[in-house]
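Taking it in order: structure first as structure tokens, then the write-up.
Each chain gets a letter, A, B and C, in the order it is written, and its residues are counted from 1.
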């Protein structure tokens, strides 16, 4: 392939797993770490080193709040979206447990939400795991029908990390508010990619991550609504930082990095989304002509950067190995060490073969048109090669219905 | 997870890919695994009158380790008697390819596949001699 | 130009650490859970850092669980029990994160026992025995105190705790990098570390763990850090922590003797100033920490004035400084509250110079004089 010579390989198409920090972000961060910079502990009240750091933290808080149209006072720093999810769900469940012990979430949530809910089940909470529709979206009526008198919390993610679908959090929020139920949204995959207007959304708690939008790893935030006021029980105890909701020395450089990433996102989001959408559509146009290729997740309500495709009769892991010139994943990175097929694809009703055959392409700020074209060619070639190797493809070509075969499971 | 060079070689240049006529009396076919588990292995052997495996072919749906395991196995069984071939252990395959612990099941599947192919060949032979 | 003498609150990042970190923000930005090359590079970097951190405290790399900092490590150590404990014992001079975690357990029907210290800030055989008589399941005693710098004889208490059958945790956040810390020799099951106290970045720490004990994760989802602590790893910061730990190990002797020389110089100078009290001066202390008071001069007032002269010191733990009370450590040592309110903590770093001491001393003498005159005016 000729173009390969001009391009840097491997091509990074896994922006949903993590993103490189923007160079503007990295610069800001470096400036507040060493002795010549603002390295102080923002909790130090007695000297200028502490005050300066505190100022930087506040400025970053404003940037984060501005992107999502919230009040800076509603932002609590955490070590990342996993901690935000843990804090929001356990924090609200524990605080409001006298009102009831029923929680509703969805089977396609991130593990940070699902595992937290399981932990609460062990503590005596009752959790309903909703099935999404085949397009990955939640049917409002279904949600309504599982709500009970003792329901205290609903946790639904904004954008799914694997299949990229966007849930209607405005409608879900309205429903929750009308029932007096706390609504938590995991927005790790949506901030900076989808408009979020918290002043006009009935959302009580929202989780954010920096490293999904060109900020550093190890920092995130939880939005905790002030009007009406939502209460959470702290999960990490200590010096009472973050108004008691999350103790621990504030990692100033990380916070500054997140602030800068959110500031850039607010400024450049519209333009960037348009660019990414063009590339995403180009990729799908290039792939959809292949035989037995399936798009996962509703394409209308879909974040621009994500394309999740199942290549039937080809096993996902071997395909990823074959595609070593591009960095993609089969399902979420947090579960890719395991051999299970994607639980998200299983939850939207994809059969095992298709769930095992999926690849998530995620496009971002630095993706180019050449990279997409190269990817299309590479995928076509490698899928063809692996299908030549596949007994299932052979059977399909011979007209055998795979569902009629008695498999010797092992 | 880093894979061994041998594994990558078998994965990138799989040996003996293809199919033999499974209706042929001298061909034994073993198909093991299930799509639900993420791997299906089809292994075929062609056995000469002297009981020696003359040819072997495979097709595998599965991860790179499963493909490499079946490719390696087809190389190993060629020229072996049925008895010798049935004595190949999954641990030998795992050692040769330096399979990581989570991939050892791929070598188990390969061992199952050759056993199934031998059984299929033998049952065909006994059916024929009974006829 | 400011003089920074508050290294127990936080340290500036070492340039060499920053150099190691920067590539992991940009070029090697992979998610360590991803199986392709960028992911593996990040994973290997974490493993290397794990080795470096383990080496600093003589532990095995597999015993190191990275966290978001010392506070999280302490929370995990105290609250990470599979079965809720019925009784825990913590010393009276612990960091706020240990105390608050223990208090949280107490809300959930767990008995909380306080291990008292003597006038020098030290735990004694008697206070230890008394605490163990309540049969705590977890015991937490810090290795070196953040305010006084007093070092506890953890290895000795570990024997007593072990024979009582309890699990033993030590908060070594202030100790690491300022004295030899040997996880194996201390005989504890858990040990907390923080990166930004030893010239590494903020936002990362570790709990070193004897993996024969059971520990329940506090943050779940994703299975990172062998399930003990989930969440995408803070790769760049972990790399920085590793480098900082390596340097702390290599340079431990020279840093310590340098800081000790400064400390002796300061103590010498202070002895010439009338009425200055140095706390815990009879106990074995960190080489970088001096906790002092000028009776009659409020600590907060003194250090605000010091700040105006460009000298950064504190009145005690930064983590408590929002609250403005007298130092809990001093109160536990039986120091009178009026005197405790006068406390000022000076904590050196590896890059301080003799000149910094001169600046500090002349500013202090000036301020004391001014403040004393002021108060005389008021009282006159």
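By our rule, a residue touches a chain if its C-beta (ideal position, glycine included) is under 8 Å from a C-beta of that chain, and two chains touch if they have at least 3 such contacts.
Nothing here was measured: the structure is a model prediction, and the numbers come from that model.
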{"item": "Identifier of the chain whose CA centre is least distant from the whole-structure CA centre", "value": "A"}
{"item": "From subunit C, the most remote chain by mean C-alpha position", "value": "B"}
{"item": "Subunit A and subunit C: spacing of chain centres that average the CA atoms, whole Å", "value": "35"}
{"item": "Cα-centroid distance, subunit B relative to subunit C, in whole angstrom", "value": "60"}
{"item": "Approximate Å spacing (C-alpha centroids) for the pair subunit A, subunit B", "value": "41"}
{"item": "Subunit A: positions in contact with at least two other chains", "value": "337"}
{"item": "Contacts with 2+ other chains: residues of subunit B", "value": "none"}
{"item": "Per-residue multi-chain contacts in subunit C, two or more chains", "value": "35"}
{"item": "Touching residues on subunit B, where the partner in the complex is subunit A", "value": "11, 14, 17, 19, 31-42, 59-64, 66-67, 102, 105, 108-109, 112"}
{"item": "Parts of subunit A lying in touch with subunit C, wherever the complex brings them together", "value": "10, 12, 14, 17-21, 23, 25-26, 29-30, 33-35, 37, 39-41, 43-50, 79-83, 85-86, 110-116, 118-119, 209, 211, 216-219, 235-241, 247-254, 257, 320, 324, 327-329, 333-337"}
{"item": "Touching residues on subunit C, where the partner in the complex is subunit A", "value": "2, 4, 6, 9-15, 18, 22, 25-27, 29-31, 33-39, 68-72, 74-75, 95-97, 100-101, 103-104, 194, 196, 201-204, 218-224, 230-237, 300, 303-304, 306-307, 311-315, 317-323, 351"}
{"item": "For the subunit A and subunit B complex, residues of the former touching the latter", "value": "313-315, 317-318, 321, 337, 339, 341, 352-353, 356, 388-394, 402, 407-410"}
